Amino acid sequence: MAWNTNLRWRLPLTCLLLEVVMVILFGVFVRYDFDADAHWWSWRTEFYYRYPSFQDVHVMVFVGFGFLMTFLQRYGFSAVGFNFLLAAFGIQWALLMQGWFHFLQGRYIVVGVENLINADFCVASVCVAFGAVLGKVSPIQLLIMTFFQVTLFAVNEFILLNLLKVKDAGGSMTIHTFGAYFGLTVTRILYRRNLEQSKERQNSVYQSDLFAMIGTLFLWMYWPSFNSAISYHGDSQHRAAINTYCSLAACVLTSVAISSALHKKGKLDMVHIQNATPAGGVAVGTAAEMMLMPYGALIVGFVCGIISTLGFVYLTPFLESRLHIQDTCGINNLHGIPGIIGGIVGAVTAASASLEVYGKEGLVHSFDFQGFKRDWTARTQGKFQIYGLLVTLAMALMGGIIVGVGLILRLPFWGQPSDENCFEDAVYWEMPEGNSTVYIPEDPTFKPSGPSVPSVPMVSPLPMASSVPLVP
Amino acid sequence: MAWNTNLRWRLPLTCLLLEVVMVILFGVFVRYDFDADAHWWSWRTEFYYRYPSFQDVHVMVFVGFGFLMTFLQRYGFSAVGFNFLLAAFGIQWALLMQGWFHFLQGRYIVVGVENLINADFCVASVCVAFGAVLGKVSPIQLLIMTFFQVTLFAVNEFILLNLLKVKDAGGSMTIHTFGAYFGLTVTRILYRRNLEQSKERQNSVYQSDLFAMIGTLFLWMYWPSFNSAISYHGDSQHRAAINTYCSLAACVLTSVAISSALHKKGKLDMVHIQNATPAGGVAVGTAAEMMLMPYGALIVGFVCGIISTLGFVYLTPFLESRLHIQDTCGINNLHGIPGIIGGIVGAVTAASASLEVYGKEGLVHSFDFQGFKRDWTARTQGKFQIYGLLVTLAMALMGGIIVGVGLILRLPFWGQPSDENCFEDAVYWEMPEGNSTVYIPEDPTFKPSGPSVPSVPMVSPLPMASSVPLVP
Amino acid sequence: MAWNTNLRWRLPLTCLLLEVVMVILFGVFVRYDFDADAHWWSWRTEFYYRYPSFQDVHVMVFVGFGFLMTFLQRYGFSAVGFNFLLAAFGIQWALLMQGWFHFLQGRYIVVGVENLINADFCVASVCVAFGAVLGKVSPIQLLIMTFFQVTLFAVNEFILLNLLKVKDAGGSMTIHTFGAYFGLTVTRILYRRNLEQSKERQNSVYQSDLFAMIGTLFLWMYWPSFNSAISYHGDSQHRAAINTYCSLAACVLTSVAISSALHKKGKLDMVHIQNATPAGGVAVGTAAEMMLMPYGALIVGFVCGIISTLGFVYLTPFLESRLHIQDTCGINNLHGIPGIIGGIVGAVTAASASLEVYGKEGLVHSFDFQGFKRDWTARTQGKFQIYGLLVTLAMALMGGIIVGVGLILRLPFWGQPSDENCFEDAVYWEMPEGNSTVYIPEDPTFKPSGPSVPSVPMVSPLPMASSVPLVP
């Protein structure tokens, strides 16, 4: 299985082709919406209600997900770089796909800041799936996966939001559940029997764990913006931020608790701190804009921190050994299960919505109980929320299997790495020459002003590339 | 003094217990405020005036303080991770404590975005104190300290804002002075006679200094949001941002000047760049929303950059050797003295407020000279500002000594490290296997809990764990 | 050419002198504007329209530019630290210079959030120029350069915006073109014949490339805020953000494509990912607020990603070998050429503005076709845009040569490093002691596609400081 990983013509042609198609489709279809077009000028636009949240979401997609995945010791360039590439392509394709479904005016898709947020949301789902296949696929495969996943995301989102009239502010279902189970299906299909050959590179090192914490923290801090970014103005958006803030805080404490409890010396594991602490944001996604109450949010975070950490310790190894699901980042624990919990919490919260808690206007406004839905009760809403979750799971699994992925991604010419070269930047990146030693070699030509430095040769514990053999 | 640092049951139980208490108290007490409740729907809410500032403050607390403290070579996990833990707990407890004092409506605490900001502010004060004890305490001790400090913070804040009618927009007194002298008192009480046994680990390395600069810069850049986050809408908030921007800029130049002037070869010291440059934000905190004038802000930053840098060079060693105050991050120089300066600047600025400068309405509006305070003059306000500063100092010192800290934190069963194992991540964290190579000099005086370490010749000046012996 | 690099008195005196001058000038000239003064109180101010964008721009200047330049293996402290220093001074001087030209009311400069943004913009231009001279100048030289460049920037900006009535929302001309060609002129004048003596330090290492990606991503993500920060409220600001988002996304795909296509094994080069991907933001700067249309923005990004990457591969080496322009960060490719493209795109877009596309009011509003410009046509505007670009290029080149730079910066007493000590933090910074080793273990199971790797114990290519000799 020694595939050719030289992407010289394949990657450039793929990128250029995709981008040319984007330019043409944008030319034919995409225009500015009312708020962003020079014809109709107004000082007060949607822009000012959404733009700060948009930027926070943008940071989560590019720095949050990108750096979270730099924990691997030799895969930092690819983690950040490929995430950058797929997200940059994905947001363009998402603007089109979501535009056709939701923002058509006549023959044109009209775009404004809300579209930018939605495109970022859609891509977040791809970033989630990327976490499952991290280190085992080529950038071409990622672009193909992005193309199909964005397409299916838009279909699933349309079914949920427009047909089933589901509420899903923070995307527990549409983004996290869908992204996670799509990604897990893909990684199952791409199962690598001999992956233990590159096991050594699957560990983190000290600095890579610190880089990953940058990703974790920006995800964690900006999650209130994520869950509130497209809620209705006013109390819904406000409430979504508060609930997410509470859930995330609780999740940190229980993640730490379980991480320590499961270690024989009570030590904390960076994997859990990096990946289980933001699970509270995922699980509160659907219900964030509802009257979940701050204590409800705390309970969601409480439970999720525990389940997510347990997942990393027990479920991930089980999935790998028994079901052949190799989940590099453990997305099942950060996005999969918390996403399902989020869908259920949302359904229960919706089903138990009452006049007392929401007020009459509040209930109508919060759940759009008017027009087509004017006869709906809270219970109906709850039921449809559950349908939404089931549809999402089905779409993710079937989609992952049938549409292309099984047929396309396994083809041998996408430049994927062999089993022993997984998790290795050097396959796709020109590596910096000095990378063997990040440490500030003292250059002999440099004349230090400090005390003199012994200039004898030193050994590194493991062999380093392109350096001089010690013993000739 | 070989304490048991295995936290297996103590840390999980502490976290779970605290979180369960939070859930119960939130259930009993916390509800949404008018702006965030579905009953009363309005498009225009406090949310849009405060949310962007809130997110900036949130980044300061978690990334700013967290990464600023990663400068220690072997304590990056703990710096970021424990800061994350204590802040996540602290914001929940602060929502309750500050809620009882300031946001009670009937039997309920009602929360909105302003509460989130205030909770983050309160926790910032704990992060300050964490800087003093960094590397010398266990996470359990930090949770206990957070519990007491948040409680006292809320009491002190209530005395200042509600009884003494003090203005303190950016919290020079309530946050920085209080946090710093509380933390210094605690570290004095926890004095470690033989700390020089882990002296080697108290230094930074090249990469850890760069990680710390991430913290410094996010603190420095977002400080205008910090100081303006809870000012009155309009000119006060606007002015607070401008003044802080000016003060911080001036502070950078004088910090650099003094850092270079005090080095025998004129070289800059990263410690000063990391820690003295944001002092201008601390010192302008109280007066930021007042008519301090941009040149006034520059002067404050100018003076503070000098004093803070001098403090790092002369005062910190003096405090350690003479007063047995071991201040790991030098918080006395970044928060303590600048906080006091900020309190005084605020008092003087308030006392010299005039009709000419503020206008009649402006004076009343800026200092709330109405109702209870309708007969106050600027001079009265200035006087009470000074009282506020003195109360804060007293509360911090007495609080630190009496309430629990002296009695509780020194108990031998909180899992604190022994003197020779301070500043060491491996005590509380499962370390990545490859970390040996990422340098992490193994201190010969450190007794690792893992498998024994071959002490054959190594690359690094200090032996490293799990590496291959050079000569078989 | 062994200059004295001990800055002990020169740097402190320069900093203190500059800051004292700032304090005096601020005292004489700077006051709050209407929106920030206590006299006239209003809830709705410019502050709320601009502040979130301001903070994003602030992050770009200090973290974006600062960390982008940390890619050099031994120059991270200086990259982040000197950028911090020059920007902190520059924003103060810019507030004054731009204030005198644009914000005088009576004898006072009145400042508000718009001034802060403009000051940051001005300094961004200095950060661009810093990229060209990175590693080869002392902090004193940088402060001198900042002083002159800010001055000239303000003059050039005045000519463009006030005399030529040019539109330049994102500063393709005023910021990027000006900054780049000013910086390139300076680095040409400071040409170092023997720079290859410190060639080794001009490379990156693994971690330094990851730090640089933090800079890249924050620049890339926040560029929509940069280009829209000072556009008119409403549709202009909204459109500027959308166009920039689109252009940046397209630029990533073509940068990746060309990077891979130009490597013999199809590998990606970090230099291109770090530096070419944000070029789309530069090139769409002028036209961002115009009715460029999303597909127009995609085309701009498409072209720029290609040209910028080609520039890094072919143009930078050519400029160095033939024209003696040593452009450390390749700013010609990220800011120079994309800036010129941006100016031209802006001119063409303006010249082709039509009633049909803008509507009558929209056309007048977007290009200020009223008062002095009431008889202008779109074509006139386009013509003046080109004049603006030419003036900018002339100002940058002549300015760089004549005003002081040639005469002043080459003087031998500013503490500049000798040719063999360039790109070296230790010249100006007290280095942490333990900096000797950090690194990336080479996995023995990995089969690289490159030349075979000797698996014997290796020596680091360069001796390391303060380590134990291998053979006693």
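For clarity, chains are labelled A, B and C in written order, and residue numbers in each chain start from 1.
Following the convention adopted for this analysis, contacts are C-beta pairs under 8 Å (C-beta built on N, C-alpha and C of every residue); 3 or more make two chains touch, one makes a residue touch a chain.
Which chain is which protein? Per UniProt: A, B, C = Ammonium transporter Rh type C.
A quick note: this is a predicted structure, and the numbers were derived from the prediction, not measured.
S.K.: Out of every possible chain pairing, which has the most C-beta contacts?
M.R.: Among the chain pairs, A-C has the highest number of C-beta contacts.
S.K.: How would you label the chain A and chain C contact, same or different, if same means the shared numbers make up over half of all numbers there?
M.R.: Different: fewer than half of the residue numbers at the chain A-chain C interface appear in both copies.
S.K.: Report the inter-chain centroid distance for chain A and chain C in whole angstrom, where each centroid is the mean of the CA atoms.
M.R.: Taking the average C-alpha coordinate of chain A and of chain C, the gap between them is 30 Å.
S.K.: By the touch rule stated above, which residues of chain C touch at least two different other chains?
M.R.: Chain C, residues with two or more chain partners: 48, 52, 207, 214, 431, 435-441, 457, 460, 464, 466-467, 470.
S.K.: Once bound in the complex, which stretches of chain C touch chain B?
M.R.: By the definition above, chain C touches chain B via 6-13, 15-16, 18-20, 22-23, 26-27, 30-32, 35-48, 51-52, 55, 58-59, 62-63, 66-67, 70, 76-77, 80-81, 84-85, 88-89, 91-92, 95, 111-113, 116, 139, 207, 211, 214, 428-441, 457, 460, 464, 466-468, 470.
S.K.: Where on chain C does chain A make contact in their complex?
M.R.: 48-49, 52-53, 56, 73-74, 197-198, 200-201, 203-210, 213-214, 217-218, 220-222, 224-225, 233-239, 241-242, 245-246, 248-250, 252-254, 256-258, 260-261, 263-270, 273, 277, 291, 293-295, 298-299, 302, 357-359, 361-363, 365-366, 420-421, 424, 426-427, 431, 435-451, 453-467, 469-471
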